[in-house]
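You will see chain A twice below: alongside chain B first, and alongside chain C after that.
For the complex of A and B:
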């Protein structure tokens, strides 16, 4: 049990964090993060999960000092997010490419390396290795302005690692990547964690999170709806699952009759497939019911915009 | 400064230069500026004379170069940080261990280097173009020599100490007061100013057979110099074709019997008289007195000397090339302030707004110059006396008072930026000294840019760089 071990100091501590975006007249526009508290411990792969607009990126930007909290406290590697020194230990991959268009891939990595005061030889070595790792050695001397979205994203990932950071913050690391790229990034994340890095990643791609994360927090409307380890979350405590080989219909009937007699209610029969996806959908559906109005995120109803007509609803054209 | 600070600043400065090159900004400027300079030098006509042509060529080519570079620098500055915030590249810098002042300085040094490079190209182009122009014109040897002695040179100008008439003003004022001749609506100060002007004007008129004396203080470093000439503007208020004659003497002090230098003048009216003076004349002298005796017997030959302008000593101190280098350095300092202003406004406002604000600040800087003139008390007096028949002036209202207060503050802010008319000087062969250059470096490059840099980096460090999504 965890409580028996000495608790390590968290690398990231968020305490009752709230972020309200305000307009020019200081009127609130959106409550992006609402009373959020969480800790990320060394060596963890921490997944921030949530629908669009649930406050994942906002939380990350606050951790990086790019946004200021409206209330609450944030500590990253023991200091405030604004601290310049601790930035030496952080790597960040933003949601979209924020690279300089007029630099080549190699020059970009070299440039960011200089900002970490890495010496020339080491920069060259790291640049070569990173280019190789993200599979862009062949495009090393092309301008980033010419890169495809996925290529730019790979360079983004490479620059996040140039300083060999302790804490790696990845905002939707697999977005824009092809399936092979996705798989590679996930493997990379696991490999980095094995080397002792702490990783915070945000995603709405459930498979990503399920595949790599130790800890998951599900955000909705800026607050936490569920959190814990993936196995914990997916455990249904009020029921157990008996996994047995598939039976013939007669045998199954017999077994069910015995169970009915013993517990007095109808057992559920399915194939063992409850996964994070189902769980996530349940959580969001529940949250949607309880929430009076959706203050920040995108609505999750699947409605088609009214002006888009289906074929048999075409207005008749008068000749 | 720590080495890693320098490394980060250099990295951002190098990025700035790379971006300027690859966005074609720098290549285009590097072609347009020399082209404009060559075009102006080769085509300008001036007043037709060889010296006039070269003077105009230098003045206008440098002026246009300065204007183009100023606009380019300012707009690049205004776009720099603002666009980086909007395009989000700055977020990736801000999450690295980089201080905001390092970002500011990196951008500023980048443009300082770009401008320095462009100024070198322009300086070489101008020198070559002027050289070509001088040699392609079939000028006589003397005409060429004249060009090299008057325009393509750097000469220190020494002007006379202004006439001190304070005592005479006092005496006159007392006498006028005693006789009750001062209008009741005139204050003592106004009357003083008026008397002052009248006396100075009276002193600048030299009737036939009368004398005019000027005193000059000779800077220590000057007394050993080789090439010294004296320039005298001879103006007559009447149109009289007969020549002016007179005697010009230089003596060690007002009463010395034996002059150091003496020459007879016989010259057309409304011309400039220039005479070379043996270098020994000024050796070890602190003060000299220059005397002009109007020798024309003709009654109509009264001469007028504009106070502070009509006589000067010109002492060769420097070559044209050295003078041009210092001029370029001062221009570089001005450009550095423009880029500092641009970067700082762009650290505070988004892109187009930043440009408007920066331009407004520059406009304020330029226009306060005229306000200084308008609020000059001597100027007010003149107005007042013209309008004796007008109603009494109203006491200033609250708006005027606050206006004046703001104006005074603005003047304090902008006044030190004024460095004299360097384009006028370089194109007239007047020395732009290392002292002037040093002053420009300290005030413009260090003080103004420094203050702007502190403001810009402070605000940048307080801003939410991800406020735009």
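For the complex of A and C:
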């Protein structure tokens, strides 16, 4: 039966995009993106996965109008990427946190707020909420030049959200963060998606993409090598896993015998294990309970800034 | 369309980034100290009281200003393109025109601050220079040591205060020192107006050569033109190439009258180059002050129109160049 629901309009549409970098004499130097086509729909967390030099950052820079496509078409929020007005609805965290080092964290967010023409009172409110969200309230008046890479990354993330964007583009968002920071950023991404934000996440860290993304595209040498939902891509459809409480040896033997008889081969048995990230987070959480020592870096509990509206709320950027 | 808040924010950030460069502070302080010290150490007068101090002050203004303008303008945009802050800004609703023009405006504001300081220092330097004084009680050649000490103390007071502010607030030393240098030199200028050349109290008796004002303003116009050229070239070239190109344009512009001027009517090529290269001689009018001469204000106005037209033309080229620039 055909679905009666209309197909939503993609927020990002890329159609046969090719990007060739040229040298000073205009000779082709490198083909960074090759015949790439993809759509990103509202509310999706879309992962662009690939090794270094696979064309992820180039694709993102084309989406932002920083680079020009050699061929193909790109539409972002219904407009060409060069459209300045559309950028009111986009938040971008670059691969490296490009921030002015002599500004404090608060001044930096205020600076980016001014670029969105947000009024003073609103900028102050948003800055406070974002600093709280990324766990840097205590370092609000410290200069960014004194920040660790992880703290600068958090400010980078905060500046990407200052305009309450519809589309958030995150290039390697967890780079430079410790495992706790990584987890918090991933939880934040999920929370933002729950608020209706569309997120394009580029990373070469597989765990990041696997944990948060709905849709994944794997790039290699500028071309798509695999694409689909994470579940679809990772699911082994020719086997199933059955998880049951630990049994006594006798009972386990009985169960195995039944299974052997039914499937005609030897089943694999092991104990489900945590991954290292989950284990690490448990250890740190336990240590936090027993030691009330202050941390010098950033700490947050993945609360989302209140001004970041949900999908059904009207965005109000310009004042 | 330019958004005022965006534009001013970016221009202010450009200016702050420029004066945070240690080389900018070093050049500004060197220029002021050399301007202040020249009349105290020279022993020749070149046939006219104050001429050497006047010419040296204007030359320091031009040379140090040119280096500050070329360096700041060429590093500003090129550095932002290299470090990625430009891509970060252009991913916001900021047009390329806004960013480019804000860069130019930011550097120009630094040049204007430096020029105000240099003009004040040159006027004080001319006042310091040994002059013949004849009164009821004394006569002879006197050097204005009080003003000399005031002017030479200004950079050191600025550095000291900036050091104290840096110690207390941890804010960048260089930018505070630059702003304090401007304040202290202007402070020295104001204080000097309360004393005559011998050191007696004489409120609002400035005893400075006001003819230096139009001469300094013309040099400021030249610096703004070189700022526009450097900002435009930096849209395509890195810092080294931009500074080299600016120096080449400066040199060609300085000799344009001698090398190209005579042949301007003989060939279209020579004529074209002569018209395209800024003629720096228009801005250097120190010789007009010799023997009590003046620089007519209508000449200043005409030269400002020439500078403004040239700057506008160069900026248009810069806008076109930056519009299609790929920001990696």
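Here, the second predicted complex is superposed on the first by the 230 of 319 C-alpha atoms of A that agree within 3 Å, B and C clash if a C-alpha of one lies under 4 Å from a C-alpha of the other, contacts with A are read in each partner's own complex, and residues count from 1 in each chain.
By definition in this document, a residue touches a chain if its C-beta (ideal position, glycine included) is under 8 Å from a C-beta of that chain, and two chains touch if they have at least 3 such contacts.
No experiment lies behind these values; they were computed from the predicted model shown.
Participant: After lining both complexes up on chain A, report clash or fit for chain B versus chain C.
Facilitator: Overlaying the two complexes on chain A (C-alpha atoms) leaves chain C and chain B clashing.
Participant: For A:87, select first, second, both or neither according to whether it touches chain B, chain C, the two together, or no partner.
Facilitator: So A:87 meets both chain B and chain C here.
Participant: Counting only touches as set out at the top, which of chain B and chain C does A:61 meet: first, second, both, neither?
Facilitator: In the superposed model, A:61 contacts both chain B and chain C.
Participant: Touch test for A:114: chain B only (first), chain C only (second), both, or neither?
Facilitator: both
Participant: Who does A:186 touch here: chain B (first), chain C (second), both, or neither?
Facilitator: neither
Participant: Is A:31 touching the first partner chain B, the second partner chain C, both, or neither of them?
Facilitator: So A:31 meets neither chain B nor chain C here.
Participant: Classify the contacts of A:106 with the two partner chains as first (chain B alone), second (chain C alone), both, or neither.
Facilitator: So A:106 meets neither chain B nor chain C here.
Participant: Kindly point out the stretch of chain B, out of 165-173, 363-371 or 381-389, that overlaps with chain C after superposition on chain A.
Facilitator: 363-371
Participant: After overlaying the two complexes on chain A, where does the chain B footprint on chain A coincide with the chain C footprint?
Facilitator: Common to the two interfaces on chain A: residues 61, 64-68, 84-85, 87-88, 90, 92, 94, 96, 98-100, 102, 111-112, 114-117, 143, 159, 163.
Participant: Inside the complex, what are the residues of chain A that reach chain C?
Facilitator: My answer: residues 61, 64-68, 84-88, 90, 92, 94, 96, 98-100, 102, 111-112, 114-117, 143, 159, 163.
Participant: For the complex, give me every residue of chain B touching chain A.
Facilitator: 4, 7-8, 10-11, 15, 18-19, 22-23, 87-89, 91-99, 461, 464-467
Participant: Taking the touch rule as given, give the residues of chain C at its contact with chain A in the complex, in rising order.
Facilitator: It is residues 3, 5-6, 9-10, 13, 16-17, 20, 83-85, 87-95, 170, 172, 175, 324, 326-328 of chain C that touch chain A.
Participant: Using the touch rule from the top, collect the residues of chain A that touch chain B in their complex.
Facilitator: For chain A paired with chain B, touching residues are 61, 64-68, 82, 84-85, 87-88, 90, 92, 94, 96, 98-100, 102-103, 107, 111-112, 114-117, 143, 159, 163.
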